[in-house]
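Working notes, beginning with the structure itself.
All chains are identified by letter, namely A, B and C, in their written order; residue positions are counted from 1 within each chain.
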Amino acid sequence: MTTNSSPVFPVRTAMEPGDGVFTAFFWALRRDLRLALRSRAELGVQILFYIIVVALFPLSMSPDKELLMLLGPGVLWVAALLASLLSLPRLFASDYADGTLEQMALSPLPLPALILGKISAHWLTTGLPVVVLAPLLSIQYWLEPEVIWVLMAGLLIGTPVLSLLGAIGAALTLGLRSGGGSLLALLILPLYIPVLIFGAGAVEAVRGGMGADANFSLLAAGLLLALAGAPFATSAAVRISLD
Amino acid sequence: MSGFKYAAPAQFYPLAGKMALWFGVSAAVLAVIGLVIGLYIAPIDVTQKDSYRIIFIHVPAAWMSMFLYVVMAFWGAIALGMNTRLSAMMAQSIAPTGALMTAIALWTGALWGKPTWGTYWAWDARMTSELILLFLYLGIIALRNAIDDPRRADKACSVLALVGVVNVPIIYMSVNWWNTLHQGATIKAGNSSIDDIMLAGLLFMVFAFWFYSVAVTLVRLRTIMLEREVGAAWVARLPEVKEER
Amino acid sequence: MLEIQDLAARRGYVMLFSQVSFKVEAGEALIITGANGTGKTTLLRMLAGLSHPLSGKILWQGRETRAFDPVLRNNIMFVGHAPALKDELTAEENLALLVKLAGEEVALGALREALQEVALGARLTVPARVLSQGQRRRIGLARLALVPRPLWVLDEPVTALDPAGIALLTGMMAAHLSKGGAVIAATHQALDLPTGAMRQLSFQ
């Protein structure tokens, strides 16, 4: 067996764990952000979806101030969940269809870091607008300023968890004929429940005079856990879907 | 390799058949004893009258629903880690029974709730968690059905079961937390001091449900094995397959 | 370089192939032919490390590997059916991203030169959406030129290429072989390669 020591092919030994993590992360983050900017219309549609869902609730009940103040934080959270869910199928779908995902899985760069980069771009383009728009939509629900701050802080910590957990489901349902959407919802929404409870609970805790520290700590713990686990679970799921 | 003798479907198939039979018969016997104790021998409850007797179904079903999820995730982890076909099939055959147990627990819980609390459904922490558990089971079954290739389905469901098993305690904790925040729905079902004879009946029923689950899982496992290994030499040699031809 | 022992695959409940064994050494090209649906693509995906074989072994330089093995990822260039291009990005941006993803640092000048080589010099800043299928394939050729990997695994590489494009590809393959590289390609079309280096494997 001839070993291939010709200088034409630089000997690429397998990387140590940890090599190329930053290269991989920023490669995926920059690329996905650039792609998102080139198709801004789609982003706008998702943000509009969030705004419309929030506006539907008063129409389905009553524009009563007391009622809306009570329901507002929960409604904004549910709308954030749905907006995240709606945008998830697109996280991997186009890369899967055009073969980029294959090349990512075959790249010498670490796949979990590439995926974390993609998830970060997804959050910046779908989660962050939800946080930023929250004060504006809170006005429709007569929310008090201190409540708005708590709501925003909760969304800021909570929406990345949604993107991270959702990525696992998006990767598992890649390329399935029963149109990923509804199946994805069934897989992922139950996992979103703790985020919803702690996030919306923060507002109630503040209103009840308890302070939201405990809720924020739990949300942050969830974020750390999701950051540590989701990129690896998603990589496993991507490889399974490509197999 | 001898330790892994039964890790191959061909060897495990006949053994599973025998085991299913024994577990099934034992489950039936235990259930008869448990029901006799529960429905006739155990004394009537002072506050709840006869309606409490549903615990002999409700409690074992609720326990099995949680236990089976962990067992399923365990087999899923083995399937992913050691790439064994049989453990993935095991996980696959547990899921429907787990979902059934969850559904029974919810249904009997609702039936029990009506006479004792005056309502079929309350947003009680345990009921809510059980409902979410049902969604988790249904998600795994739906994912399995959506994937054509059995090997991909095995791995995908294993990953989902593992993600779920990490999340189950978190979901349970969060629901509990949410429930204590909203004190309204907190409900205590009677006094918790349980009679010895009731406990005996309950234990019989728990084992009956447990053995039933094992038996049904093994029967389902045998079917899955035949389906997957169709065309393999050992399947063609089976007497029941020969008769069909 | 790469050795296959008793490889078997199935899709769903259908057995695709079994007991496939071969060896590819430096300087050799293995051309896999066979009708549609015989499992050529599945085999190539296994060699590239994208898919787990049902049974059998894949050895790189004598060492057994698994799917997604870093050794395979560092030594094999896989070109599949899909060209891995983004419609929204230009030819130049697409190529730069793909090369970076393969772990190589290449200067902009070299990128442009590579695109010139595959006759895309006039299309550097056009979004990939307006490129023809053949032109998209040519970006893939530029990637092959820029990322040095000893083994190329090519699935239907001549699809959509015009005669000039095919000549370009075979020229690149011949140069790769003479440098001590190896090629495994599935194709329906006869390739004009040095006969001494080429072997055929036909799939039923």
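Criterion: a residue touches a chain if its C-beta (ideal position, glycine included) is under 8 Å from a C-beta of that chain, and two chains touch if they have at least 3 such contacts.
Everything numeric in this text was worked out from a predicted model, so none of it was measured.
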Based on which chains are in contact, what kind of graph results: line, ring, star, complete or other?
complete
Point out which chain occupies the most central position, where each centre is the mean of Cα atoms.
A
By number of C-beta pairs in contact, which chain pair leads?
A-C
I'd like the Å distance between the centres of chain B and chain C, where a centre is the mean of that chain's Cα atoms.
48
Counting only Cα atoms for the centres, state how far chain A is from chain C in Å.
34
Where does chain B touch two or more other chains at once, residue-wise?
148, 151
What are the residues of chain C that contact at least two other chains?
52
Residue numbers in chain A touching 2 or more other chains?
243
Partner chain A, residues of chain C touching it in the complex:
1, 25-26, 48-52, 61-62, 67-68, 70-76, 78, 80-86, 88-89, 93, 97-98, 100-103, 148-150, 179-181
Touching chain B in the complex, chain A uses residues 168, 172-173, 176-178, 183, 186-187, 189-191, 193-194, 197-198, 201, 204-205, 218, 222, 225, 229, 233, 236-237, 240-241, 243
In the complex, the residues of chain A that touch chain C are 1-4, 6, 8-10, 12-15, 20, 23, 27, 31, 34-35, 38-39, 94, 97-100, 102-109, 111, 239, 242-243
Sort out for me which residues of chain B touch chain A in the complex.
80, 132, 135-136, 138-139, 142-143, 146-148, 151-152, 155-156, 159-160, 162-164, 166-167, 170-171, 173-175, 177-178, 181
Taking the complex as given, what residues does chain B use to touch chain C?
83, 148-151, 228, 230-231
